[in-house]
Every structure is written in structure tokens, then in C-alpha cells.
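Heads up, the next two complexes both have chain A, just with different partners, chain B and then chain C.
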Partner chain A sequence: MTRSFVAKLAPWLFVGPAVLSVVVFLYGPILASAGLSVVDWNLLSPQVDFVGLNNYRSLLANTDFQLSAWNTFLYCVILVPAQIVLPLLFAVMIHAVRGSRMERVYRGSLFLPTILAYSVAGVAWSRLLNPINGLFNEVLVFFGFGPSRWHTDPDLALLCVCLVTFWKSFGLNMLLWIAALANVPDTLREAARLDGAGPWRRFFSIELPLISPTAFFISVTTVFSVLDDIVGVVDVLTGGGPAGRSSNLLYFLWQQGLQFFQFGPASAVAMVSIAIVLAITCAQFWFGEKRVHYQ
Partner chain B sequence: MTSTASTASNAALRRGAVHLMLAALSLLTLFPLLWMLSAAFTPNELITQRAFRLWPEEASLSNFRIAGEKHPIWWWLFNSVLTASAITLGKLAISLPAGYAFARLPFRGRRFLFGLVIATMSFPAVLAIIPTYIAVVKIQAFDTYSAMIVPSIPYIGFYVFYFRQAFRSLPDEMFEAARIDGCGIWKQFRDIAVPNVLPAIAALSVISFMGAWNIYLWGQLVLEDSARKTLTTGIAMFADVDGADTPWGPLMATSLLSVLPVLGLFLLAQRYIVQAFSSGTVEK
Partner chain C sequence: MVEISRRGLLAGSAAVAAATVVGARPALSSDATIEISSIWGPDKPFQKVVDAFNALKTGVTVTNRFDGDYETATAKALAGIAAGKPPAMMTTGWKFGYYARRTLGARDLNEIDSEKAASIIANFVPSLMPLVTIDGAVIGLPWAMSTPITFINSALWQEAGLDANLPDYPDTDWLYEAARKLDAALKGKHATYRSALALSNNEWTSQSFIQNAGGYIIDPDGKLALNSAEAVRGMELFCQPAHEGLWTPVSGKEQDAAFESGALAICTTSSTRAASFPFGAAKAITARFPGIPGQARKMNSGGNFLAVYARNDEQAKASLAFLEFCASAEGQKIWSEVGYLNTSVHDIPLINDFMKPAAGQLQDGLTAETIWPGKRGLEGQTIWRKWVSRMLMKEVDVQAGLKGAHDELAAVLQDA
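This part shows the complex of A and B:
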């Protein structure tokens, strides 16, 4: 009797801490954000005023918000394809030299930036990009071009953040692609080769369809990671500037909430971001699931 | 005959070209780090002299000394080790049993709860940050180790997912004998399951340690006293990086100090890390 009772209870004890911790620390705060987004309150005021959708309304009129939303779109358009296609290209190259002694060296070198902190990545790059005594400008000047202001130039800041973010995080997707390519049976490649298919044909007709589950996984996770990764890089490199030109929605949230302590508007941004993230995920599952070929 | 010979030499040529491209790519990727390494050992007053030099003319450790005089960098190192270890232990302690239960113990609501936990894999961390920050301030935990450690633990979606895979791949027979011997659920978990997934545990410990070591935004927020900061958050205390008189030497020396431990771990465990990141994630 007691024994079977314990056996029934055991699974709950095993999953309890994990479930409780994600509910309390992840789902809870998101619900709390929903609450905060409809009130006017800061840490100091004793009074909590319900303001309905005012925070959302004032967001829509806020030009900084509009700019960061537009930038979020730009970041996605530039970085998501780059973070998917270029790592695949690198993976194909590494796959081509598999078994050689250098394989590990290449893989390790290209993956290395992934293990760094954002602050370290920012510091490492700021010395290259520094507008006064950075290396990039020395090279430009050496070849007779004027010095550039790089990440302090309103028109280049976003691209500089893209560059550093890409450098910092392409390694993970590359690893996933390498693993996927290694899972394609060599007999299939060989069969296609004997049938006269060239390398391009083999890639598009054999490998690409067989790695499509990975493609789906990567395309879903990359959208999130791009949005998230940028926050750290932006904070170190540009602080969202100049004039908000390199900010994105999550960084805007961070600034509003934790630098200016505007909890209401910041939480409204959180809600808008969650809605966007959910919409993108649903769209990906809607379009992606049907096209993926599972072995 | 000639055609096969020429195809073979073509293939060799192509392989050589790929090697060349990969080598160039690797160097390009490593360059910002090599550049940092060189600056860390170049006396600060020589760094901004306008001559490109990757190898320091007169290598010295003075930057580490200067950084140590300005900021408590050795405390930062200690704090980084402490918080990263605590976060890693916490993550393992809650995600190992959960992964086991989701893999091997049938119970009602298993699918739902599993979905609930792994859905957090794709949460941008920033989304939960404001209420968590308010809670930290309200319970007066601001600027404590706990404020850094506890809220960093629950990001366990990937861990639970990965451990579930590992436990699922163990053969049933392994547990059958123990069950006949009257081993309870806890003993089966502790004495049979866990010892058989040690590579998975090793891989995720390293991944977790590296991730926790690199926590930046949250640390920036809740650690204020300089003596409580970690290396990656302390770095931001150096002067701004766009100016003309950034103390590059000490800054790069401190950055290097923060890179070395994770780099060492990475080199030691590269095989496991690569495996952990690339297996399981695509399984339907």
C-alpha cells in the first residue's frame, strides 16, 4: 500500500523542482509582465494605478519604440539568413575535409567565439572598430580611404552589431549542420555519384532533403537566438545608439525597464515581443512541418 | 585511365582549395582574439602606437598588475568561479531527476509537463527580467550572490530535453534486474541510471559552466558592489571603449583572464560539447 503510494508519488518528486522552477521564474514573470503592462507603477510609489491599455497606446506613438521595432525587422532580415546559410556553407566545407587532422582545428576555431561572453566579444571588437585608434581605420587610411566611424556612425551601427553578433554566434548552427551532414549515409552519396550526379546536384538532391529536419530546427531557433544575442552585443558595443539606430525591441525593453524604470511601458514591450515570437513560431510550424522530410 | 587520374587530381585540388579557404576562415575568426591576446601582454603605453604588430615587442605582465590595482579582478575571478559552479550544480540537481522521470517513469500529465519545461528553451531571457528584478529588490536580495545564482538556474529546457534523451537510450534490461532485486525508484536512478549517463552529465556541466561564466546582462543588473562582480560584468567597469584613451592593456588583460578558463574547458571537452550540441536536437 505505502509502497505503491510512494511509486505513484515518485515521478512528481522527480519533476517537481524542474516544473516549479520554470513556472516560478519563467512563466510567472511573464504573467507578471502582463499585469505590469496595464498599470502605472514604479518601485518607489506605494500606489498602483490601473491604466488599461494606455501603456500600449503611448508605445505606438513613441518614435523610439517604432525605430526599435523597425530595427528588429532589419536585424531579422539580415541576420537570420546569414546565420542559416553561411554556417551551412562552412559545414559543407568542413564535411569535405572530414577525417583529416585539421578538421578539429577548423571546427574548434570557428566555434570558439560561441563560448565567449558578450562583454568580451564587445571588447575584442571595439578595439578593431574604435573610431579613433582602431585597427580597421588604420587599414582604411593605409589604403587611402577616409576613416569610418563604424559603430558610432548612425548608418553603420546596426551593421556593426550584425557583424559582431554573427561572429559571436554562427558556431552553434555550424555544429548542428556538421552533425546533420555526417548523418547522411555515404552510400546514398556514392549511389548518386555513380549515377553521374555532380557535387552540386548531389548537395541539392540528396543532402539538402535529408538534412531538412535540422534546417527546420535551425530556422526556428535562429529567430529567437538572433533577437536575444543582439541585446548583449548592443549593450557592450553601442548602447543602442547612436540615437537608437542600433536598438531592437528587447534592448528597448531593457532600457525602458531597467535603466529608466518605466516598468509599465517596458512590460508592454515584453508582451508585444512575446506576441511576435509566438506568431513567428506558429508561422514556421505551419509552413515548415509539411516541407520537412523525416527519415 | 587518364580520365580517372585527372578526376583524382581534380579531387585533390578541390580538397586543397577547401583546406585553404577553411584555414583563412579560421584565422579571420580567431583574429579578434589573437589581437586581444597580443594587447594583453603589450605594455599599455605601446598599444596605441600606430604600427600593426601582432607579436608584442616587449611582452610584459604589467597590464595584469595595473588592472589588479584599479579593480579587484582576482575577486572577480573568484566570484565567477563561485557563481558559475553554483549555477551548474543547481541546474544538474533539478534537470537530471526531471529528465529521468520524463524518460522512464510513466505518470499522468507527463507530456504536458515536458512540453511546459522544454518550451522555455526558446524564451528570450530578457522577457522575464523585469518582474524578476523587482522580486529581487523586494526581498532585499539585491547585490548578493543569491540574486546572481538563483534566477539563473531555471533556464533548464535544453538540459531536461538532453537528459531525457540520454536516459531513454539506456536499455530496459539494465533496470529489469535491479527491479527484481527490489531496488526502489530512487536507487535505480542513483545507482544505475546516473552512472550510465556520465558523458552526458560531463558535457552539460561544461556547457552550463561556460554559459554561467558568461552571464552578462543579469549580472550587470543585480551586482553593484565592485567586489561582488564577476569577470564578465566587471569588464564593463573599465572606461568606455569608443574613446581615445581607453586603457586597452588592462582591459584586454582582464578580458583574457575571463576567456582562459572557458577556453581551457572547451579544449578539454570539445568532443563532448560538440556531441551534446549536435545530437538529439533534431530528433522528432
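This part shows the complex of A and C:
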């Protein structure tokens, strides 16, 4: 083997396993889902009926699907900004006490919920929110307020899921923000301070532009995680209820596929979800990448 | 010292080898290892049944594989069957009856070995066999059956000045009046009391109300029957305590937690709680599920069965050997620790007195939980629950809710 041949082959050997796994475990299933979405098949029967776009048509007419799609939009509107801005706020505050003994305590305690399993978080929160005798209601009653039905109230269920999801997963973004802030050279902050820039000015004119690559990364990944992370909380806390008020597209997909074993409609939901995520991600790249400042 | 010649050694070795071959137990045709996909982990009584069977050394070894809830176990079984590796047996919820038979291909026990199947089935009360007979095929044994009963916190009951002598056949008038009295006496005055009543917001308690009112969700001819006056009456009575503020519908786990902590006074739920509620704290007494005044009771039941999915004849026969043990008095006795009803003909003592009303309901006669037919039948339960929630939340009135449920279910079950 010549050295040039090895040099040409080496990159393929390095990326080969990763590419193979992406093809087998990502693109393969997407293609399979696309195929399943246009057939009526139970995976066992030798009979596979081609139904064209019927699964998509019946999906669009399904009021539970419509409600799940609307809920997904609400989850994104509430949780994506919250998962980006509030962790940044925490990160800025922790950065302000960097080097002190309390930095680790704050960072560790705020990150702690992230390492819990969703099922554990859901069970713990269902105890706290129990409308009959949960801790939250006990506190409300103690202060003279009436008890709330929390996640069993159709008007509050979605917000309760948002609260638990946020509590469970904001820690990762917070760590990313902390790391980004730590990479901003102190000399720049110091120079700005000497030039008379106040804390707000230093943050918006120095730090934010320099951490914009992280901001872009977080904004893209948070959309995925908001769509995905909610499923675990919904399953344990509300089961999609009451009357579908806290369901989202992926929970609806899970129900169709793994509760009802309707693989055609489930695959159609998957394809619709992929299309939505793709559109959002493209929009983020189109709008966001121009505003990212790489050093 | 004894000298052994080469010839002697060879002869001796040959004799030992021959004796070993002749004396060895011939391989049994039933020698097999079967895997059961179950919803019970190693800490549950099912494992004890498996261990007791394996200890008999029948030649069949059973492995209990915990696969999560009914849905997860079914999904895994589906994947296994599609890959040509089905579990020999699987704990199958009754509600999956049609799916198990028509899609997953659960085996007819009679088709595997009719003689053995007949001897196994003979261990169960004959009137219950229709519950596990789908499309004319016996696909399981009615060995994991429960029914909703009424659990009452006796301490709260007593503190509210209510009579501890419970009627044998309570009805909704009696129960709801007691709930009102509990609220009047204890709400805002008692340290732990928070709510009077929970009827369990699930499909089988609402089904019991409809049936006790003389109606059906699906009638004996297999037709949806939610538009009847009887169904409306049953659901009106079911929703009444929620609309009156006596019942805050929550999930089963939250309801159990509230009852166990002494916050909830009355709870109608599965009789299996007789084995799992920590009665030390709740100090419970039990009664039959509430009937409807002036109506004959027609309570339902829920549960699961062990269905055989093995395609291989040896594995299927080995599965029957395990079912034979499950059906025996020994197997049933171990199994009864779960808190299921004794559906066998064996004399198995009740695990505790809390089970008495459940045993009474079994004697009165039980119907099966709704097994939704059709290709999309498994959606039926979720649709029904959704409409029950809407009725409980007063988003729709009962009549409109039942019509909505009927129409949506009819569309889903149209091919049934």
C-alpha cells in the first residue's frame, strides 16, 4: 500500500463508523418511516396495502392531532425562550461569583435536576402538585388561598409540564453558557470597564457578541430538546391529559405507534414532525448564522 | 496395592461408560427453556410462581423477563414476532384480546394440545372462560382478574360520625350522602382530610356505572351502545360527585397516595389494592362497588392472562406445562398474594378480609372490561377516557359527551 493511498483512505476509516451509524440509525429509519407512512401494515401481516396520502389526510382531520400540534407550538413559544434566556441569566450570576466557594455550590445545585431521569422527576413533581394533598396546595391553603388543580386543570396542565420540563433540563444550557462566558477574555471586559462601559453595556457589547456561537448552538439544540424532552414529563405527569390538553406531537406519535400500534399514522406524524423541525432549523440557520460572531 | 492392567482399565472404563449411558435420564421431549415476557419484576409473586415451577425440575425451565407495562411488553413482543423470535408467552392485558389473537397470533390452547388444555381449563370456574375466549379460541387462563371495590378510611369515617356497619350492597345514594357528611364534618377542620371521594377516572369504573344502570359501552352483539338512556343515567351518576366538588379526578397514583396518607376518605379502585395499600396508615374497611338505586348490579372486571405466542411446537407444549402448574392449587396459592381474585375451582383462602367484597362481586357475577374490536381498537380506550374526562370537567354535558364518544368511537371501530 502506498503512503498516498493510506492518506486517502485514512479519513474514510475515521469517519466511516460514524457515517455508518448515522445512516443505519438515523437516515434508514427516516426512510423506513416515510415508506410506512403511505402504507397500511401491521408489521406482521404479509399483506401491505398502499394507501397513498390517506394517513396524512386522516391525520390532518384528527382533532387530537390538531390539539397536539397546537400544544407543540405553545410549548415551543414558552419553553424555547425560557430555556435560552433564564439559563443565561443564571450563568451570568454564577459567572459573577466565579472563583468563590459558592460558585460550585450554585452550579452543582442548579445542574442537579438535569441528571435525574424524567420518570423520577415526573413522580416527584406529581407528589408536589397532587391536587388533593400535594405540597403546593398545602402551601396555598396555609396562606389562605384556595387549592389549585394544577396539572389536572385543563388550563394549567400545559404550564405545569413546561415548569417541570424547564426545571429538569435548563441545567445543560446553563453549563454551556457558563463555559462560553468563561472563554470571554477578561482583558476585553477590563478594557471596556476602563473605557467607562457599565455592566449592561459590557454584557451586550462585549460578552454577548463573543458568546454568539454558543447562543446559536443553544438556540438550535433547544428546539430539538423542547420537542423531545417533554414526552417523558407528559407521560409520567399528565399522560397527555386532561383530555389531550398537555399532549404534543411526539407524545401523540408515541401513542399512535406504541400504544395503538398504528404504524402508518404514527409514521405520518413522524414525517410531519421532521418537516417542522427541518423548517425551524433552516430558518434558524438562515436568520441566525449571519448574526453569529466568530472570533 | 492393587495392580490394574491396561486391559482391566479399558474394560472398567467401558463398563463405567456403558452404565452412565444406560443409567442416564433419557432426554425428555419436554426439555425446554421458555421465556415469558411479563409485567412483573423479580420482586413480585409471579416470580415466586416461576421459581416454584422451576424447582419441580419438570424438564421445562421458565425465565421471567420483565418488559414493563402492557404496551411496552406488547411492542417488544411485536418486534420479536416480526423478527421470528417471539416470546414463548406474554402477560397480555384483556383489553389486548383481539390484538393478541388477530395480529400477534396468540395460540389457541386447544390447538397446542387439546387434552392437556382441557385438563388445565378444568381448574377454572367455567363461567369465566368466555372472558379469555377470542374468536372461538381459548388464548389464556382467567388467572389474573380483579374488580373495583370501595376502600374507606375507617378513622375518617368514624370521626365524621358515620356508621361503621357498611351495607352489603352499597349504592350511589348511600355513598354520595356519606361523602357529603364527611366533607361537612371534616373539610377544613381535620389535619389530613382533604377530599371525600375518588371513583377512579378510568375506563372500567365508568363502565361499571353504565352497566349497573342497565346499559352497555359495547352491547352483547358487539355494537356500540353509548347513546342509550341507561348509559346517560350511569354516566350522570358517575360524574355527579365530581360536579358537586366531592371528587377531584386525579391519576391513579395520586389517588392512591392521597388515600394512603389519610387525605382521601373513600376510594373506589382495583381490588388488588387490598394487597398493596399500607392499611396501617389508611386504616381501611372495604365494601362492594356502589350500585345504582333500583337497578340490578352488573359489575365488570379487568386483568390479564398468559397467552402463548411460541410458533415452535416444543416451546408451545412447554408453555402448557407451565400453565398447568399455574392452574394447580399450588400455583394458585402462590399467585393469590398479588391480590387477584381466585378464579379457580381450588379452595384458596382470601389473603385478607379486605378482599371479601371483591370475592362477593365475583360470586355475584362479573363481566369483562371492554375489549375494543377492530384494527384500531386499541385507540378505543384512550378515546373513551378523553370523553369521560371532558364530562367530569363539565366541558360537555353527559349527553353531549356520550354522543361525542359514540361518534368518535364509531369512526375508529368502523371495520369491527
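Assume the second predicted complex is superposed on the first by the 272 of 295 C-alpha atoms of A that agree within 3 Å, B and C clash if a C-alpha of one lies under 4 Å from a C-alpha of the other, contacts with A are read in each partner's own complex, and residues count from 1 in each chain.
Here is the rule we go by: contacts are C-beta pairs under 8 Å (C-beta built on N, C-alpha and C of every residue); 3 or more make two chains touch, one makes a residue touch a chain.
Just so we're clear, the structure is a prediction, and the values are computed from it rather than from any experiment.
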Partners on chain A (chain B, chain C) - clash or fit: clash
Touching partner for A:130 - first (chain B), second (chain C), both, neither: both
Touched partner set for A:244, first chain B, second chain C, both or neither: second
Touched partner set for A:258, first chain B, second chain C, both or neither: both
Touch count on chain A, higher of chain B and chain C: B
Chain B versus chain C as contact partner of A:116, first or second or both or neither: first
First, second, both or neither for A:154, with chain B first and chain C second: second
Touched partner set for A:44, first chain B, second chain C, both or neither: second
Colliding region between chain B and chain C, picked from 20-28, 56-64, 74-82 or 272-280 after the shared-chain fit: 74-82
Set of chain A residues, in rising order, touched by both chain B and chain C: 43, 123, 126-127, 130-133, 152, 258
Of chain A, residues touching chain C in the complex: 42-45, 64, 123, 126-127, 130-133, 147, 149, 152, 154, 239, 241-244, 255, 258-262
Residues on chain C engaged by chain A in the complex (per definition of touch): 71-72, 74-75, 78, 81-82, 99, 103-105, 192, 194-195, 198, 248-251, 253-255, 257-258, 261, 263-264, 375-376, 378-379, 382, 385-387, 389-390, 393, 395
Touching residues (chain side chain B, partner chain A) in the complex: 14-15, 18-19, 21-23, 25-27, 29-30, 32-33, 35-36, 39, 48, 50, 52, 93-95, 97-98, 100-102, 105-107, 110, 113, 116-117, 120-134, 137, 151, 153-157, 160, 184-186, 189, 210, 213-217, 220-221, 232-233, 235-236, 241-244, 246, 248, 251-252, 255, 258-259, 262-263, 266-267, 270, 274, 277-279, 281-282, 284
For the chain A and chain B complex, residues of the former touching the latter: 6-8, 10-15, 17-19, 21-30, 32-33, 36, 43, 90, 93-94, 96-97, 100, 102, 104-113, 115-128, 130-133, 135, 138, 151-152, 167, 172, 175-176, 178-180, 213-214, 217, 220-221, 224, 227-228, 231-232, 235-237, 250, 253-254, 257-258, 263, 266-267, 270, 273-274, 277, 281, 294
